[in-house]
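Here is the structure we will look at.
By written order: A, B, C and D. Residues from 1 in each chain.
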Amino acid sequence: MAKLYFRYSSMNAGKSTALLQVAHNYEEQGQRVRLFTAAIDDRYQVGMITSRLGPQREASIFDATTDFSVEDFTDLACVLIDEAQFLTPPQVAQIHKLAQVRNTPVICYGLRTDFRGEPFPGSAQLLALADDIEELKNICTCGKKATMNIRVDQHGRRIRSGEQIVIGGNDSYRQVCGRCFYSNIS
Amino acid sequence: MAKLYFRYSSMNAGKSTALLQVAHNYEEQGQRVRLFTAAIDDRYQVGMITSRLGPQREASIFDATTDFSVEDFTDLACVLIDEAQFLTPPQVAQIHKLAQVRNTPVICYGLRTDFRGEPFPGSAQLLALADDIEELKNICTCGKKATMNIRVDQHGRRIRSGEQIVIGGNDSYRQVCGRCFYSNIS
Amino acid sequence: MAKLYFRYSSMNAGKSTALLQVAHNYEEQGQRVRLFTAAIDDRYQVGMITSRLGPQREASIFDATTDFSVEDFTDLACVLIDEAQFLTPPQVAQIHKLAQVRNTPVICYGLRTDFRGEPFPGSAQLLALADDIEELKNICTCGKKATMNIRVDQHGRRIRSGEQIVIGGNDSYRQVCGRCFYSNIS
Amino acid sequence: MAKLYFRYSSMNAGKSTALLQVAHNYEEQGQRVRLFTAAIDDRYQVGMITSRLGPQREASIFDATTDFSVEDFTDLACVLIDEAQFLTPPQVAQIHKLAQVRNTPVICYGLRTDFRGEPFPGSAQLLALADDIEELKNICTCGKKATMNIRVDQHGRRIRSGEQIVIGGNDSYRQVCGRCFYSNIS
């Protein structure tokens, strides 16, 4: 039986790199995979999965209207989804069934929580349904494991409220540990 | 820095046994712990944490009105919470801060999802904030890993809708794998 | 395909409790399991697996002459082996094949290293071959995770050399973290 | 307290990619790391850590004579060691102490077993002492998780005996699952 996997992390842990490596591993064995990323993520280029180490490649894009239950996944060894925090809960149910019933492994990479410490709805549903959950570990500037994210403005001041989704690069989001999250760091 | 731990599983995996073992391990070292369980859980006896292997012991009870940010946790090596799926999301935020800011480790044991496959709000928040997530594994009757739960009536017929919380024993809930969850098993 | 599982820990983590819980979980589903423990372990009673929480039950015993490749494992849902650090490396190869080729899951519980910090040969082979490795976590008196074991004599003085195997109870072995292991604690 | 980490896998799982990502993550935070790889590994270039996705960078080299207890690790946030299966057991003890006593985290990446299914001595010692063990997962051509490695000659025929260490590229080693390892695949 195939599984639904969720690899979660804070910002800048290397999720896209890990995804591209898994795709490479399958293809090196002569197996086909299909890659998805969120249309909403235009930090680099829409429809590209980009590792901060350099490598990048094209991917199908999904948005809130994508129906994974009718996509063609014939002859695929694996489906890989980046920026999976942007999946809707019904989409997570679709890919959960894809793994359980249609026997296609699905590996999702995404953030757990936003800069306010609130779960992304897609991640909450992935954490609830995934057969296998693994953290991609990252570090806070204080040296502890980073589990949360904060948002800082162009002057480096922390922003504590606002909309959940404001896509941006390293300049506006930063991973921190729980203790630093609750501290008064700006 | 102390951590917030979440050990999740499907029904009947041995969560209470694991909790009682951890309490024993601390106390054997001469350290004090405090145990909590949900007032709502009266399968065995209110305020008792009961292992299906036999051992049981008293615990403080929590309900939706409990404020963990004002409880006295002085000189405790660890706080252990059973039936943690019944925590409210604000209570999860309280114990997250207890670990991060007041440096007291908190270990929670709970179910991920209900018989409809929907996350318990407390578990969703624990999965979003816990520093360390681990699955207590269990098996489906088909031999695969059980990740979901189903509800069956007194005649063994599956119930697919209704309220999230209906406390009961082994006779009315059963753990299954994802494939069996989506099948027509009654 | 069945798997070989190794659950390792330092002393007094609750390995036997975990094993008894898994056996209970299988049997509650109407499935048969077979339990083994080391003949060499006579802390409680030869051929008994005993949880420090109280529960205990009989088990088959193994010693260095046991050949797991000729044991009868027909109609078993799972084989559970306690004190697995006392397996010989060839026995680990036997149970690895049992899982891979004969499709019977085998779950082993054992210590990683002895009081000198040297791996037990059986554990080293289990760590090398197991399909799934998981640590049962335990704590040092200093509050950190205990990963090592020390041996102390009847006066509480630490013993740093000697034979690997000297079976005994809580009075002569104690789990510690790596830092305490290298310190001059007596 | 710093930890010794061991990330193990079969061949071609992406160990070097993962190492380079972690180095990048630290450096992006303004922290210094030091990288090591085995002198013995000349598949790409001596003293280079090379990701199969493309990125590569220079590293210090170690061989059996390297004494990690006298290396200068001042002001380092982390030490990263690739091809860690080639460490000697005493070197593993040195880096274990480096983490526990001198408080410098060390993350090692390496293979568990050779093409005969025998553990590398360095990996066996890392599995025995590491504070945190994690598998980098990879797949067999049959679709199952690859946990073992096989060696094949230039005609694709399997080689079952010989020296443990014969450095080479993808053409002569291949990762397989346990079932395929024990089968008669050539």
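Points worth noting:
The working rule: contacts are C-beta pairs under 8 Å (C-beta built on N, C-alpha and C of every residue); 3 or more make two chains touch, one makes a residue touch a chain.
Values in this document were obtained by computation on a predicted structure and should not be read as measured data.
Under the contact definition stated at the top, no chain borders both subunit A and subunit D.
Averaged C-alpha coordinates give centres for subunit A and subunit B that are 27 Å from one another.
Remark: subunit A and subunit C have CA centroids separated by 38 Å (rounded to whole angstrom).
Counting partner chains per residue, subunit D has no residue touching two or more of them. Contacts between chains close into a ring here, every chain touching precisely two others. By the document's touch criterion, interfaces exist between A-B, A-D, B-C, C-D. Listing the residues of subunit A that touch subunit B in their complex gives 1, 4, 93, 96-97, 99-101, 112-113, 117-119, 123-125, 127-129, 131, 133, 135, 144-145, 147, 177-179, 181-182.
Touching subunit B in their complex are the following residues of subunit C: 12-14, 17-18, 20-22, 24-26, 28-31, 51-55, 77, 138-139, 141, 143, 170.
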